[in-house]
Amino acid sequence: MSARPTAPAAPPERADGSRTRFAHRLWLAREFGIVVALGLLVLVTAVDNPAFLSPQSLRDLALGAAVLVVLAVGQTAVIISRNVDLSVGAVLGLAAFATGKLLSSAPGTPTAVVVLVGTGLGAVCGAVNGALVAAARVPALVITLGTLYAFRGVDHSWARGQQVNASDMPRSFLALGTRTVLGVPVLAVIALVVTLVVGFYLRSYRSGRELYAIGSEPVAARLSGIAVGRRVFTSFVLCGALAGLAGVLYAARFGTVDATAGTGIELQVVAAAVVGGVAIFGGSGSVHGAALGALLLTTIGSSLAVLRINPFWQQAVVGGLILAAIGLDRLLAVRAANRLRGRSSHGA
Amino acid sequence: MGREHATPLLEVRGVSKSFGAVAAVREVSFPLHGGEAHALVGENGAGKSTIVKVLAGVHEPDSGVLLLDGEELRLAGPAAARAAGIAVIYQEPTLFPDLSVAENIFMGRQPSRRFGRIDRRAMRSEATRLFSRLGVRLDPDRPARGLSIADQQLVEIAKALSLRARVLVMDEPTAALSGVEVERLFAVTRALCEEGAAVLFISHRFDEVFSLCQRLTVVRDGAWVSTDPVADLTVDQVVRRMVGRDVSTLFPKEDVEPGDVVLEVEGLTKRGVFADIAFSVRAGEIVALAGLVGAGRSEVARAVFGIDRYDAGVVRVAGERLPAGTPAAAVAAGLALVPEDRRRQGLVMEMSVERNATLTRLKPLARFGLLGGGRERRAAREWTKRLRVKYGRLADAVGTLSGGNQQKVVLAKWLATRPRALIVDEPTRGIDIGTKAEVHRLLSRLAADGVAVVMVSSELPEVLGMADRVLVLHEGRITAELGRADATEEAVMFAATGQRGVTA
Amino acid sequence: ACGGTTRGSEDDANPAGDRATGQADPDAPLAEGLDVAFLPKQVNNPYFTVADGGGKSATEEFKGRYKEVGPSEAGASSQVSYINTLSQQQTDVIATSANDPNAICGALNSARQAGAKVVTFDSDTKPECRDVFVNQATAEGIAANQVELIAAQIGGEGKIAILSATPNATNQNAWIELMRAELAKPEHSRIELVAVAYGNDEDQKSFQETQGLLRSYPDLKGIVSPTTVGVAAAARYLSGSEHKGKVALTGLGTPNQMREFVKDGTVEVFALWNPADLGYLAAYAGAALASGRITGAEGEKFTAGRLGEYTIGADGVIVLGPPTVFDQGNIDQFDF
Amino acid sequence: MARDAVAADVPEAPAEPAAGVLRSALLRWDTALLVVLAAVVVLAGVLVEGFASGRNLQFLLLDVIAIALIALPLTLIVITGEIDLSVASTLGLCSAVMGQLWVAGLPLELVVVLVVGLGALLGAVNAVFVTKFALPSLAVTIGTLAAYRGLAFVVLGDQAVADFPFRWTDAASSTVADGAVPWAAVVAIALAVVFGVVLHATPFGRSLYAMGNNAEAAAFAGIRVARAKSWLFVASGAVAGLAGVYWTLRFASARADNAAGLELAVVAAVLLGGVSIFGGRGTLPGVLLGVLLLGAVRNALQLADVAADTLNVVTGGLLIASVVVPNAVVLARARWRRRGRAA
C-alpha cells in the first residue's frame, strides 16, 4: 500500500442538544403515529358526544382494551422474533373456560391461585407451540394455525356446550372485573403493568434484545451464538402465559364463559400489533406500540358504537382505519429513513 | 523468532469436513502462534471458509481436532468458540439490520448495570471508542440497515475486536475495503498481535497477505498443501501452489479502438447521495469508477440500472433514454449490472445454480411462452462452464457454493444476456487470483467485442490495470477524470480523498 | 317472515320443494328404532345443547337412536355438508335450526328425496324445504310480550333501544319489525325506539354495544335484548355500571344466565320458552312424520309425549306455546 | 464470438443425473401427499359406510371447490412471499353485490361478469397497498378482510337474496353426464391447469419463486416484482369473485356473511400442500392434493359421526404434521448419519 492519504479524523463527540434529540426521537417513534390517531379519534367522538369523555366512559374504554392489550403484548414478543402465534384466541378460550370450571367446582379458590392456574395453563399451551416451532424448526404460522384448531377443539370437547355463568363464580373473583383502584379499573392496571414489565424486559435485558436480533436476521443470530431455539421457545411460553392470563381476565370481566370465548380474536391481536408498529417480519417494534394499537382498535369499536355509525358500516370503517394506521406508520418510517439517508452514515 | 517449537496457541490438526458428497476440507493441519498473523490462502472453494466455520463452532468437524494451548477443544456452537476466546469475522457480514450499530457489536454480551439491565450509554461509548480506533466515523445509534458492504464489514471488525479475543479469525475482511480502511485494520491487527493474540487472515490480495502475515498456509481442493514463513515465499510460488499451475497476466488489458457511445449519463442527481454525475462510455471501453468506500459509486450504478430512483438527470443506452426506476427496461435496452452484494442482490440463495444462472434470460429461453427443462439446463451448463464455476450438481442450491463461485454465477447470469453495456460493481470481490485473471480477461474480451464496460472497484491495481479511463468519485461527485496514461495510484487517491490541486 | 329481498314477482323456486305429500294415518304406531339427528345452528352453543337435550330425552322415550351433529361455527352454509352426510347415512328424521332460510334448502330437499323427514325448530327455512317447523312462540307473541315487559318497567314512557344478535338473524329481525308495529300502537305512543344495536351474539360485542347505547343516549330508559347472549351481556354491563337500576333491561334469556342479575336487581323480568321443550317437541314431530301419523298438512294432530297434543297450523308450523316470564319469584324453579 | 473465448478449455462438467432432479424434496412432498390421500380414500372406503359412493364424491367435490378455486391464486401469492387473507371477505362482498345487482334487474350473465370484475378491483386495491405503498401484505389484507366484509354488510345489510333462477342454482351443483363430477369441478380443474402451467412452465411463474426467496435479487435481475405481485392480487380477487358466484348459486343465497372465516381453511390447505409460508417453495399439484386431503378427511370423519371439535383437532394435527414430519425426518436422518460415522 503505497498510497497513504491522511486518514479521516476520529469522530468528534456528539454534542447535540438533548432536547432536539428528544424531539427527533419522538418524531421517529413509531408509536407517535398511533397516539395521534388515537387522539384524533377520541376528539372527533367527544365533539359529537361529550359523554364519551365521562369517567365512566373512559373506564369502559380502559376496561375494554385490557384483554386485547395483554394479548397484544404477548404477541409482540413472538412477532419480533419473526414468528407469530395465531393460537392465542384458542388459548384464551381454554384458559377462560378452565377458570370458570375451576371456580364453579371449587368456589373457594383464592383469586391469586386462579390467576396462576390460568396463566400456567396458557404457558403450557405456549410451550407446546414453542417446542414445535423451536425443536422441529418449522414456521410458526403453520404450527399455530394448527394449534389454533387443535386447542379450540380440545376446549370444545371439554366444554361440550356447557356454559359457566356469573352465578357459578364467586363474587370476589368477579369483582376483579369491575373493581377500580383510584378510579382506574383493576383489569386496566393489570394490562398496564404487563405492558411496562414486558416492555422493560424486551428493551433492557440481553435475552429481550436477543429476540429482536433473532427476528432481524436469524442466520446472524445463530452465528452470534444466540441460543435461538431457547429464546424462541421462551417467547412462545410468554405469549401463551399472557394469553392464559387474558383468559382469566376475560372470565372475570364477562362472567359468562363457554368454549367459544375469544373466537377469531387472533387476527385482531395481530392487527393490534401491526397497527402498533410492530414489523410483521420481526426485528422491530415495541410492546408499547402494540398496546397502543390494541387500545386504538378497541376505541374504534367503542366510538363507532357511540357515534351510532350504521352498524353495517362499522366493520368497514374498522378495516379502513387499520389500513390508514399502517399507512401512516409507513409514512413515518419512510420519513425516518430519508432523514437517516440525508445524514449519511459517516459522521453523525 | 523461535516460535517454531513453542506450543501453538491454537492448532488445527487433521480436520476434515464434508457436505454430503462434497469433501470441503480434508485432513488439514496448521498451527496458529500467539503474536503472529497467519495467512490462509487458496482458490475459491478450496475450503478456507469451511475451516473458519469449524474454528467458529458453526461446523463440527467430521474428524480431526482443534487444540487450544495444547488441549483438545470441543466447540458445541458459536457461543462456545467465543467463550474459548476465538473471535470470527465471517466472509459475509451477518448483521442485524433492525438493530443499532452499537447493539450489533455487543449483541449477547451488552455491558450491563445492576440486575442485568443493559447499560446503553456504556455500549455507545465503547462502540465509539472502537470506531475511532479503526478510524471510521459511524454513528453507533444508526440502524445497520442500509450500511454499505464496507461499513458492514467494519462493524463486523469492530465486533470481533471488542471481544478482545486471543484468537482472531478474519475471513476476507478486506474484500470490500479500500486502502485507507485496510491500513487501519492492519494497524489494529498488528497491535493485537503485539499483545500476544493469534490471527488467522484470509485474503485473495497477496500484497495484503505479504504485508501483514508472518506465516502462510496454502490449501487446494480442501487439502493442505504447505505451511511456511512468509519471508521464505514469493507471490509466484504461492500462486503456483494454490492453482497448481502458473497464472497468466493478472491484467490482460487489450487495447481496443472505442466505438460509438453506448452508455450516457447526464446530470444524474440523488439528493444527499450523489450529484451531477455525467459520463459516457463507448463500445469497447472500460471505464472505472474509483473512490473511497461510501463515495457513492454503488449508488450511482444502482440508479443508472434503475434499481433506485433519482431526482434529476438522464440515462441513455445507445441513444435511447431509460425510464427511471425500472431495471426491466434497462435489461431490455441491453444494460446489465453485476451488483456488489451477491448474497442480497446477486443471487437467490435457496434456488439452484441452474435457476440462478438463467434467471435473467427466462423470456428468451422460453418457447411459445413455456419453459422446458432441457434448454435451461443446457444454457446454465454452458455459462457455468465458461466461467469455471465449481459446483456439484446444477440442481444444488447456489448458497452451498463457495463465495468466489457464487460471484462467478452472478457474472454468468449477466454475461449470458449478452449486454451492450455492462456495469460491474466490485466484480472480483472475494475471487481468487486464478479466477480474477479469468474475469479480467473476460471483461477485456467483452470490451474488445464492443461491450461498454463500467467497472466499480475498490481495488486500485484492478482499476489501474483494467481501465481505459478512471472516474474518481468523492462524496457523491466526480472529482477527476483520468485517462489511462494519467491514472496513477497517487492521482486516484488524491482525487478520491477530495484533495484536488495537489500534484500527483 | 324471513328477511329476503326478492326480485319483482318472478318466482321460479326450486320445483323439487314440496310439503305434505301422501296421506296421514293418525292411528299409525310410533315407529321404534328411528334414526333421529339434531343439527343445531352450531354445536357447543349452550342454548342448543339444552334444546337438543330435550330432543334426546324424547327420542329415548320413543326408542329411537339419537345423535347430534353440526358445525362448530354458525356460518350460513356450514350446515350443508352435515345435511349431505345425514342424507348419505339414510337418517330418518333431521331436526335442524337453520342458519339461513335458503342456503340449506337444496341439501334438505335432496335429503328428503332420499327419504328423510325434516323438522325445523327455532329458525325456519323456506316452507317448501321442510316438513314441519316447530316454532318456539309466534313472532307476534314474542314481540307483544317483549314490548309489554319493557313498557311496564319504564312506566310506559321514554326512550328504549334494542340489542339484537347478528344483523341478519332471521327471527330477530322478524321480532324487531313486529315490535316496531307494536310500539306504533296508540297505547305505546310515548315510547320511542331510538336504536337497534347488534351484538352479533358475541359477549364482548354485545357488552360494547350496550356501553355505546348508554353513551349515545344518556336518557335511555330501557333496553330490550331478545337474544340470550345479548341480554346477559347487557345485564352484566349494567350491573357493574352507574346505570344499574336506572335503566330497565328485559329480553329473552336463560334463567341460569340471568339468575344473578335478577337477584341483584339489575333485571326485573325477562322471558323465554323452555328450549328443552322445543327440542322435545321437534323430536316427537319428526317421529310422527316418520311413522306416517302426520304429513305436515294444516290441521293434523299428534301427541308429543309429556307435552300433550299439538295441532299443525298453516304452512306446517307447530307452535310450542307462550313464553315463560321469569322474575324474582319463580326463577329458582328453573334450571336451564 | 468473442464470448466463446471465455474459458473454453474447461473440462466437461459432470453430467446431470436425471434421478437427482426426481429426488428433489418438493416432488417428494407431493408424492407423500398423494400416498396419504390414497391411503385415506382406501381406508375410508373400507371403514366408513357411505364414503365410497358417487353421491358422496359429488358432495365432497362440491364442498372443496370454493377452497380449491381460491387456493389457486393464493398459492402463487404465497410463493412470492406475500399472503392474501381478504379472499373470503372478497367472496362475501362479491356475493352481496351479486344479490343486489340481481334484485336491480340485471341479467345474470352480466351480473356474473360484473362480479368477477369487482373481485379483480378489490384485489387491485390490495395490490396498490402492498406494492405501491410497500406495506406488509399480511397487515394490509387483515385490514381489507375487515373492510370488505363490512362493505358486504353495507351493500346487502341483513338481507339475503335467494330467488335466483333455478336453472342457475341447479347448474352450480349439477354434474357432468349426471355422474359424480360437478361441472363446477371441471371449471376449477381447467383453472388449475392454467395456474399450474403459469406457475411451473412460464418465465412469469419462475420469477415468482425468485422473488419469494429474495425479492431484492429478483429486482436486480430485471424482474418486475411489484407488477407481478399486483397481477397476482388482482387474479386472487377475480377468482374470489368467481368463487363468490359459485357460492351464491350453490347455496342459492346471496348474503353478506357468506364464507366468513374461509380464509383460514384456504391458508391451511395451501400450507398443507407444501407451500412455504416464507415464499419461494411449493407446487400447485401439491396444493390441490392438500385441498383434497383436507376435504376427504373431513368428509370421512363426518360420515363416521366424529364431532366437529374432533374434526378441528384433526385438521390442526394434519397441518402440524405436514411441517413437522418432513423436518423430523431430515433431522433424524442427519443424526443417524452422524452416529453412523461416529461408529
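Per-chain numbering from 1; labels A, B, C and D assigned in written order.
Keep in mind that, in the parts below, a contact is a pair of C-beta atoms (placed from the backbone, for glycine too) under 8 Å apart; a residue touches a chain by one contact, two chains touch by 3 or more.
All figures in this text were calculated on a predicted structure; none of them were measured in a lab.
Asks: Shared touching chains for subunit A and subunit C?
Replies: Touching subunit A as well as subunit C, we find D.
Asks: If you average the Cα atoms per chain, which one ends up farthest from subunit C?
Replies: Of all the other chains, the one whose centre lies farthest from subunit C is B.
Asks: Report the inter-chain centroid distance for subunit C and subunit D in whole angstrom, where each centroid is the mean of the CA atoms.
Replies: A distance of 37 Å separates the two centres.
Asks: Measuring from the mean C-alpha position of subunit A to the mean C-alpha position of subunit D, what distance in angstrom results?
Replies: 30
Asks: Suppose each chain is reduced to the average of its Cα coordinates; what separation in Å results between subunit B and subunit C?
Replies: The answer is 73 Å.
Asks: Approximately how many whole Å separate the CA-defined centres of subunit B and subunit D?
Replies: Those two chain centres are 42 Å apart.
Asks: Identify all positions of subunit A at which a residue touches two or more other chains, and write them in rising order.
Replies: In subunit A, the residues touching two or more other chains are 152, 156, 279, 311-312.
Asks: Where in subunit C do residues touch at least two different other chains?
Replies: Within subunit C, residues 43-44, 72-73, 167 contact more than one other chain.
Asks: Could you list the positions in subunit D whose residues touch two or more of the other chains?
Replies: Residues 153, 157, 261, 307-309, 311-312.
Asks: Between which chains is there touch?
Replies: Inter-chain contacts occur between A-B, A-C, A-D, B-D, C-D.
Asks: Touching residues of subunit A toward subunit D in the complex: what are they?
Replies: 132, 136-139, 141-143, 145-154, 156-157, 264, 267, 270-271, 274-275, 279-281, 310-320, 322-323, 326-327, 330
Asks: Using the touch definition from the top, list the residues of subunit D that touch subunit C in their complex.
Replies: So the residues of subunit D touching subunit C come out as 49-50, 53, 55-56, 59, 63, 99, 102-103, 105, 153, 156-163, 165-166, 169, 173, 247, 250-253, 255-261, 298-299, 302-303, 305, 307-309, 311-312.
Asks: Spell out the part of subunit D that touches subunit B in their complex, as residue ranges.
Replies: Those residues of subunit D that touch subunit B are 1-3, 5-8, 10, 13-14, 16-17, 20-21, 24, 197, 201-203, 206-207, 209-210, 213-214, 216-224, 280-281, 341.
Asks: In their shared complex, at which residues does subunit A touch subunit C?
Replies: Counting only subunit A, the residues touching subunit C are 49, 51-52, 54, 56-57, 60, 64, 152, 156, 159-163, 165-167, 177-178, 254-256, 258-261, 263, 301-302, 304-308, 311-312.
Asks: Mind listing the subunit C positions that touch subunit A in their complex?
Replies: 43-46, 48-49, 72-73, 167, 195-198, 203-205, 207-209, 211-213, 215-216, 218, 232-233, 236, 240-242, 256-257, 259-261, 263
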